Structures are given as C-alpha cells and as structure tokens.
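Down below are the structures I want you to see.
Look for chain A in each of the two complexes below; its partner is chain B in the first and chain C in the second.
Take a look at the complex of A and B:
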C-alpha cells in the first residue's frame, strides 16, 4: 500500500514564491496533511502550515489541493491516483504570510463588526425555553468550523480585493442569518446585512455551499432566506411609511 | 533588542474554554485583560470536545442535584479529587451552562423546551447539556463571540515562553509572534494559565499539536507546584484504523446513546470487568442494561458506561488476550442497536468522521476502537476557590490545573470544569491586580535572557532535527509510561528522558524566524520533557493502582496512598522534585453523601 507520491507545494512569502517539487512516501489511509507533516519532518523542517485537530473539527488546515479549496486533514490520498501529482497551494483570497499560511485577519475584522447577539429576558424560573425545531435552523450555521473555504471560493472577493471592504463573505452572511433566525435574539440586523455587509453582492452561485466541509447549505438555507427578509423589510408599506414619518422634522 | 511591550492587569495564556471564560470574567470585573493563544482564535482544543457539559440541571431527571453530581465526580476520581473543587464544580455548573445561552449558545432541547441532557459514563442521571456531538465547538464559538463583543484584546498565534517574576510574584510574560518570530512582553501582575494538557508527549493521542504541557512547565519554572501528575486519562475509544487517524476521539456519547462494546467473539465483555467499587450500581445482565436507558429508577447502568479508566483497561485486556479486532481494537456497535436516522441525528460528526476517514458507515457496521491518550488529571496545584497557584499572581484553570478530577475524570466534567474554574480564576486574577496599584517594571536582563534562550536553536549548526526528538519522546511515553505501568519500565523511561534532555539542548533548526514550525517545536520540546519527567517520577512513586494510573506490579488500591497526593516542584538543577502531601480532608456534611 506504500508508494512514493509526487507533490508540488507552494513555498514563499508576501514577496513571492513558487511551486516546489517533492517525492514523498504515502501509506495506507493517509490524508494530505499527513504528507505535509512528513515533508516537515524529513525534507522541509520550516514548511509553514496551520493545523490543530486533524479530524475536520477546527477548520485550521485549509488549502487549495489541485486547485480546489479543501481541508488537508479530510482529503484522503486514496482519492488521487498513485501516479497523479498532488499540488498544494495556499488559499488565494487571502494574502500569503508564508508557504501554506495566509493572513485571514479579514475574517476576524468582519466578525467583530457584526452587531452582537442580544437575548430576550429569561423566563421567570431562570430558564430560556425554545423548541428543538426552532433552534435547528440556526444550529445548522453554528456547525461552521470557520475554515474560510467559502470565503476563499467566493468570486466576489477571490479576485476582487476591492470588494472586501463592502462585502463580509458567505461565512458572515450565514452568521447574520443565524442571528436573524436565533429564537432568543432581539436585534434587527437586516439593514446592516444589506448596507454594511454587502448581502446584495451575492448572486447565489452556491460555490460556497459546494466547498463547505460541514455540508452547510449556506445559500439555500442562509443567504437566500436572509435576502428575502431584507426585501420584506424594504418593501413592506408599513415599514416604508414608518421610516418616512420618522424622518419628518420635529417642528 | 527589538521588543514589543504591553501593559495589562490580567494576561490569560490560552484561548480554550477556560481561558476565554477567565478573560470574560476578568474583563467584566474591570481588569484590562489580554488573551494570548498559540493558534487562531476559535481553534483551541476545546473544539474537539464532543459529548457535552455535565451539570445537574435536572431538566430530564428531577432526582438529580449537585450532591449526586458531586458524589459521581468523587467516585469517578476514586476519591482522590480535591473535595472543595468537586463541590464548587457540581454546585456552579448549571449556572455556567445557562449563562452560555445568554451569550448565544443553542443547545439541543427537551420536549418542553429546556436544555436537553444526555447519558455519559459514571454519571447517575442524564446530565450532559449538548449540541449533537459538537458541544465543544458550540462552547468555543459562544465564548469567542462573547470575547469579541466585549472587545477583549487577543494576541493570536503568539506563544508564551517564559513567565516573569520578582520577589513579590508574577510581573508579566514573554513570548513570540508565530507569524514573524518577533518578541513581545506583557507587563501584568496577574497571569492565568489556561494552556490545556500534555497529550502530545504520547504517540497515540486525541490531542492536537498545541498540547505540549507549556502551562504545566511554565508554572514549575515560576516556582509553582503540580499535583496528581501520575494520572493520565486514556480515553477508551479512539479510532484505531487507518493508522494515520489512530487516536482520534470517538465520543463517549456513542455509548451514552446506546452503543455497546464487543470483542471478536461478539461478546459484550464489559460485564466481565465490573469492579467491586461500582458493582452495586452496575447492571448484571444485558437486559437490565438495555432497560436502563428508559427506566433509571428500576435498573442499573450498563457496564459500558463505567468511568473511562475502567473501560480503557478492559479494552486493553481484551486485546492483549487475543480477542481484539483485526486492527488491534474492539468493536463499538451502535448500528445494530439504534436506527440510522437516530444515529445521524445524535452523532453527526462521528458519522462524518468515520465515513470520511475510515470509509466506515457507523449506521451499518461497528466501529473499531481502542484507548488513546486524552487528558491529564494532574496540573498546577491551586486554591479551590480562587485557582491561585503558590506563586502570587499566578492562576490556573481547566486542564492545566490539578485536583478537581482526582485520579480519573468523568466525561462531560471537563467542559463544566473550564467554565466554573475559568470564571473563578478570572475574577480572582482581576482582584489580585486591583490590589496591586504599584506595577513592577520588567527587568531588561530577564527579557534579554528569555530572548537568548528562544533564539538558541538558530545559533547551533548541525544539531539534531526537533521532529526526530519529539518522535522518540512520544515512543518512550507510549511504551514505558502508558496505560499499564511497571517500575523497571518507568525507570528506563526516566533514563531515556535524561538523554532526550541532552538532545534537546543540542537541537538546531533550519530557515528563519518567520512562521517556522521546526523552531516552534524546538521551543515546545523542553516543556514536553519536563512534564513527561513529572508524570514518570510521580507514577514510579505511587505504588498502587488507582484511576488513570495502573501498576502491573501494584495492581490494588492502597489505603495509605488514598490519603496522599504527590506534589511536583522544580529542583534547582531543573529536574522534577517530588514530595508527599496529605489529601485535603472532606468536611463531615459532605462525607455523609457517600454513606448512602
């Protein structure tokens, strides 16, 4: 079952770099991250890579494998032919720090801008009561492991650095959807979703849902319903009337 | 020397459940607070926790209360737990869970809309608040989002290499940015260690690369003490196949939700391993065990849900006796006992994990599982109410702290431990800082020395590769200080560790300081070695078997050792010095709980 595989790994930093060729041993059942670790231990001690759990739960080891955004720990070597060259490159949407490690601070900045969760008061006995069916809608989005593969693949920002300021990306659009559907939350973030986080930029090509390692239906269950809710607010005649009346000068 | 400097009241080292809960509490107590963590925020090992948070909320079983939880915890730890920690933990866990809901957590619900609770090993009632089998992710995300909402400063991908002290106690910490390799120092009168565990010193482990025992080692260096280091938990169910995933955790929820363990002959062998200590509360027949899930009043718990140390030893024995699976584990079967729909709903990440990594459909076939190094019960010796270590200004919470779990931790008691003691540590650290208006300057000599030590691996040429040394340490601990121990093997381990220390002093690394994993490992290795030495020394000294410490040469528990803790301190030559200390005495009103 053991064979020697050909790997091409991007090495470099913010100033530039290129693909380097390696021949490296592969054993039965191994994943791409195992091979990267073997390269570190035997051929390239300073090869930079992020990882933590190695079980698809933390979302650290994101990279592009043969051009496709994937978790290295969940990509089995068995999915490639033994004579196939496996190419591993860093996420293209984010600036490279070194080798396979990118600067993902864009995501942390967007996360910090989202108006925080704000719950209604607890029931008299100190508990919150919610039905399972009601929590499940938001629970789907809380499965997100923040691997940012959806952000990486999203064409709004993948090759359009200029859109980053106005667009939070699919990960944070579903965070907004999660809060919007949260049974306890009382804040209305619909205007912000459109105006500050760029919901309108998404033209629902569903690329994000395709790469999600957690199988979250970002577009169908999160972004489209959020778009509908924003539209409801904008075109609801009572909301429109209310906003017009409020704008009238006091005197 | 180029050095970035900051000033805070409280610096929390680690951003898992305990660290973030401590930081939130310190911030809300008015302290200027920073969190320093080795990974990106939200990636800490807490995300790996699957089963749930143990808390006697009594949402499903009104008979449950803190006394029952306290009793289960102490018995699970074979009575070696610090009684006061176990008491505070059982009393405060329900409030800590409810508070997570106010910060956005969405737990699974009962039919009447309350937080649902699931069965787990060693817990008398269904007690674990959970979200499917990804409770740790929910906990970390909730605390992460709360931390961000409060605007707490987080130093991500930043590693602390030294704690700084003077005669009065803690004065700050020194570390480096992983990204640039540049140095950074924090001046602070309070430091909370929340660095997690030590599992990376073992070959087969459920732990991530971060679990290198930094906190344990930093505490020793600063003059604090460790307690219970001989007790290492081997989780009974890790994956065994394929080899590259060996050790990855298979949640205890599989058994809590109805899964059973079978050997190669198809027998539920756990019925043959019920210890006298738990005989009264454990089912004797498969029928009784199966009825227990629905009717806890008239039936006793299945032996598959004995505490983890018992189950891990039993699996080890079955495999040794030649009744294991083709890949050296035992079978964990839920497929034949629950519907595919139920399994996918209750255990979605297990379903996914086996499907993706082992090509096993757990709704159709049994899993192969075996013990994996999972958790260290030992840690920094702390005051139960404040989590203060013996060095003024130093606090520790979560896995890096010791005492709470005695000789063995019950599943589900870790997430609750993080919350209860994280909060207490944060409050006490803020209080300590508030009482110290005068702040000591960080002495230049100490900073320069810390920088020199960190850069040493670059200065040496032609030395050994850190990955090789790490591999040899993991093999040593696996072979000689593992699940079953003997004196000659541990003596041999100590000899090998001494040699490894010399090798670590001669490591060299290639490349430069920018995001260099080889260098990072070279700086982690001394921590791993000192912690391994502490484990081996304490394990050699404790001549009995108890909880997560099994001696082949001393198979029984011992009455004298039942009253004794082993304390590790740093000796002047940098080795680990061991002393015996009497176990804290439980007050009579708590002792009564065990008489029924």
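Take a look at the complex of A and C:
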C-alpha cells in the first residue's frame, strides 16, 4: 500500500535552520530512513544524513522522530497514521553540523577518559580464565552499538550544556559499570565514577533505558549497581569500617 | 589496585566536555516535539502519590480508629507508646498524648520509599519535572542531581531498607495475630486476616526486590562462581527486581487498603467477615 506522507525535516547548520515541510511517497514496510533517502533522491539532494548498516547495528542514523530519540532505520512507517505529520530533527544534545548530522565527539572524548580494561596477571599457562556467570553482566553492556540515543535523551546534558564537563552520560556510566563488574579487571573505578564522571548527577529517571535500541537495562543493571558500589566505598560507614578492620577484598 | 586517574587525552573538543563555549546545537525553539500524551504518566503519578500523602497524613495524625481486635493498622505498627490501643507490641515509653504513635515510626517506611530508586524516578519526573518525560525539556536552569547535599542522602537507601525489613517482620507478626478472634482465642480467620497477610506479602516483595537488596545479596560480587548460594539468591532477587515498580505501587495501595479496612472496623462502619 502506497500513500503520500507529510514530513517535517529540520534543515540548517550551526548558524541557523528550521523545519521544512515535504510530501513524500511511502511504500508498505518502509522505515523512516527509507523516506529520508527518498527525499534526498527526489526533492532535497543536499540533505545531510548519517547512516550505514540500515539494520539497527551500526548506530549511525540516530535522530529524533516526533520528538523521540530513535534510530531512523528501526522506526517503521507503519507505526504512524497515514494522516500524521512525521517530524525528523537532529539529536538535540550535540552540536549540529548540517541537517540531521550532529557532532558527537563529546562521546569520543568521554570514552577516551575512562581508565582502560586492566586484567589481572595471566594464569601459569599464559591464559586468562573466567566463568560465564562472572562475565554475563558485563556482556549485556557490550551489546551497546554507540548510537548515543541514551546520551541524547539524558536531561543532565540535554537540558544543561554546562554539565558536559562533569558528566559522562549513561553510555559511559555503563562502560564504567561493565569494567568494574568484569571478573578479570583489577582497577577500582568507583571513586572516578563519582568524582570524574559525574555518577551523582544521574537521578535515575530511566530515559536512557527507554530509548536504548538494544534493550540494555542501563539503569537497573548498570547505573544503579554502580551507584551502590560507590555507596559501599564512599557513603556506607559499616562497609567502610568492615574494609578497614577486616581489610576485606571486593569479593 | 586502587583507582587510577582517568585517562586524559589531548583530543577534547571545545565545548564538548571541557567547559568551553559550546558549538551551536540545532536551532529548535520548541521545548519538545513529542506528539504523544507524555504528560499523562507524570500527572497520574503525582495525583496518586499526593492522594496517598494526604490520606496517610490524615490517618497518622488522627490518633484514633487504628485498632479493631485482633487487627492493627500498618500505619500504627509497631505501636510503641503506652497510649496505644490494643496490645500488639511492647510499649516502650509514654509520649505526649497529643502526639500520635504513628509519628514515631512512619519515618521508616517513609524513608524507604523516599530513597527508593523507583520512587525517585517517579517523583523526580512528576513533582520536580526533572525531566517530566523523556526528551521533554525540564524547567530548571541549573541541575546538579544527586551529586551534592541534600540529595546525597539518597545514598543511605540501604539503611532504610534494613529498618524496613524489621518492620516487615512486625507487620507479618500482626497478620499472624489476625488468626485470633475478638477474645484473643487462636484458630480463627477473617477477611481482615487476609488483608493484613496480603499487605505483609506485598511489603516483603517490595523490600526484597529493592535495588539495594539486590546489591547487598550478590550484586557487589565480581566472582559469582565463588559464591554459588549468593549468586542463586541474586538471580532470584533480580527476577523480583524487574517487577520492583509494580510491587512499589501494589504495596502502597495495600498499606492504604489495610489501614482503611481497620478504620472501617474500628468506627463500626462495617463488621469483619469471619471465615471460621
């Protein structure tokens, strides 16, 4: 079934821009990215859009569709009414380069600041060994495709540009959690999580979990456990006393 | 090994992490472009929470109609002053008569729910509008979250949990006392017994599904394989944890319903339906 859909697409760059109206053909089974491509091919040849795999795995085509952070390639046109106007805008949290393309280098900078994976010494035969049950939690976070939709929707930086210096965002808080929970890693990142990466800024309103296209439970399985680990070290007098008296290890 | 300093690179982009003036974002004036009814959820949350706060405050200050043999309202249990109706708990002291016995104890359940990770989401969104919904701009000009006082106190959630677990034992004991009749004879049961049992069960589910509980039981470990029992317990609590929000609401309703049932019995509005 084919119909003509009304689209409003933000067009412009860092000096300014606005929402422009288009009417474009939609075919059965298509996704928003197909329509953006048709716009490029038929009406707006210079429309800038970043995309790659078209399968929800590369994390390139992140945008805001009707105000909600989504992957354009994973948003079916069938979810909208035929008489509905579909609005597509660039990610609000990051500086715009042009049209739907934003500069996400904030994320690369934060990623580079995270203390790297540091495994314990190898076993006698030169191998690293770990049990599946021990590494399972970290593996959930490895599903991340770095689309940065969680970073985009996080109000800590979305609504407060000034917090970017102090807050790494949910994607990198779960990176810290992933490493801190890893059975082979020996670095204690709890103090850094609180002091350098702004864990305390997160008020766990769970928008990051709501928008994650990989279904990662960022808040329940990553950020809250990391907050609890920081409490162990920083705010729980009993745990602190236990660690002083018994010199107890982390396990 | 202790914490290492975060790595520093020379590639920090101006305005994207180092405090310099930011490059421009897309010029979109609207606070949001959502087309769904995003405001319904915070509105409903605020309405229900406010209704509970009003009702529970009224009942806590009322200092009457909280005991109808053999049932005691969960708002007043444990009843620890000599002014208490009934005899469900040791009376530790005599407080001023104008202070309701509920006032001394409500800090525990209030503390648990106020610092609960789920309720934090609920009230930050619905009362503080921070944010009211995902990708909807918040009205505040500054935001520091839970990084400084007074919200740093949220980190003491686990202590509220410990205290609440003791309360759960007491409320379960209250439910068991419900297997008596009006004369104190055991082996009886009424609708009130079921109400108190359901309330105690939901409070246990709410407390045990708590994120802090999940952490304490096993989440803090990095090697589950060395602690098989704790891993099994963590796995079960993780299953409950997925329903934490549901238990948070159900237990809130069950506390109010249990109190209302005792209130109706104590005022003589209804009589208890006795099964045997």
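In the analysis below, the second predicted complex is superposed on the first by the 234 of 251 C-alpha atoms of A that agree within 3 Å, B and C clash if a C-alpha of one lies under 4 Å from a C-alpha of the other, contacts with A are read in each partner's own complex, and residues count from 1 in each chain.
Convention: contacts are C-beta pairs under 8 Å (C-beta built on N, C-alpha and C of every residue); 3 or more make two chains touch, one makes a residue touch a chain.
These numbers come from a predicted model, not from an experiment.
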item: Fit-or-clash call for chain B and chain C when the two complexes are aligned on chain A; value: fit
item: Which of chain B and chain C A:116 touches, first, second, both or neither; value: both
item: Which superposed partner A:67 touches (first chain B, second chain C, both, neither); value: second
item: Partner chain(s) touched by A:186 [first = chain B, second = chain C, both, neither]; value: second
item: First (chain B), second (chain C), both or neither touched by A:108; value: both
item: Touched partner set for A:145, first chain B, second chain C, both or neither; value: first
item: Residue contacts on chain A - larger count, chain B or chain C; value: C
item: Following superposition on chain A: angle at chain A, chain B versus chain C, Cα, nearest 10°; value: 140
item: First, second, both or neither for A:52, with chain B first and chain C second; value: first
item: First (chain B), second (chain C), both or neither touched by A:27; value: first
item: CA minimum distance (chain B, chain C), superposed complexes, angstrom; value: 7
item: On chain A, the residue positions that both chain B and chain C contact, one per complex; value: 108, 112, 116, 131, 182
item: Chain B residues within the chain A interface of the complex; value: 39-45, 47-48, 98, 101-104, 106-109, 112-116, 131-132, 134, 136-138, 141, 145, 148-149, 156, 179, 208-210, 241-245, 248-249, 349, 352-353, 356-358, 465-468, 471, 509-512, 514-519
item: Partner chain B, residues of chain A touching it in the complex; value: 13, 27-31, 34, 40-42, 45-60, 74, 76, 97-99, 101, 104, 108, 111-112, 116-117, 119, 122, 126-132, 135, 138-139, 142-146, 179, 182, 184-185
item: Chain C-facing residues of chain A, complex; value: 10, 12, 14-19, 64, 66-69, 84, 87, 89-90, 92-96, 102-103, 105-106, 108-110, 112-116, 118, 131, 133-134, 152-153, 155-156, 158-166, 180-183, 186-192, 196-198, 200-207, 210-211, 220, 224-225, 227-232, 234-236, 250-251
item: Residue numbers on chain C that touch chain A, as the complex places them; value: 1-9, 11-13, 15-19, 22-28, 32-36, 117, 120-121, 124-125, 130-131, 134-138, 140, 142-148, 151-152, 155-158, 211-212, 214-215, 219-227, 231, 241-242
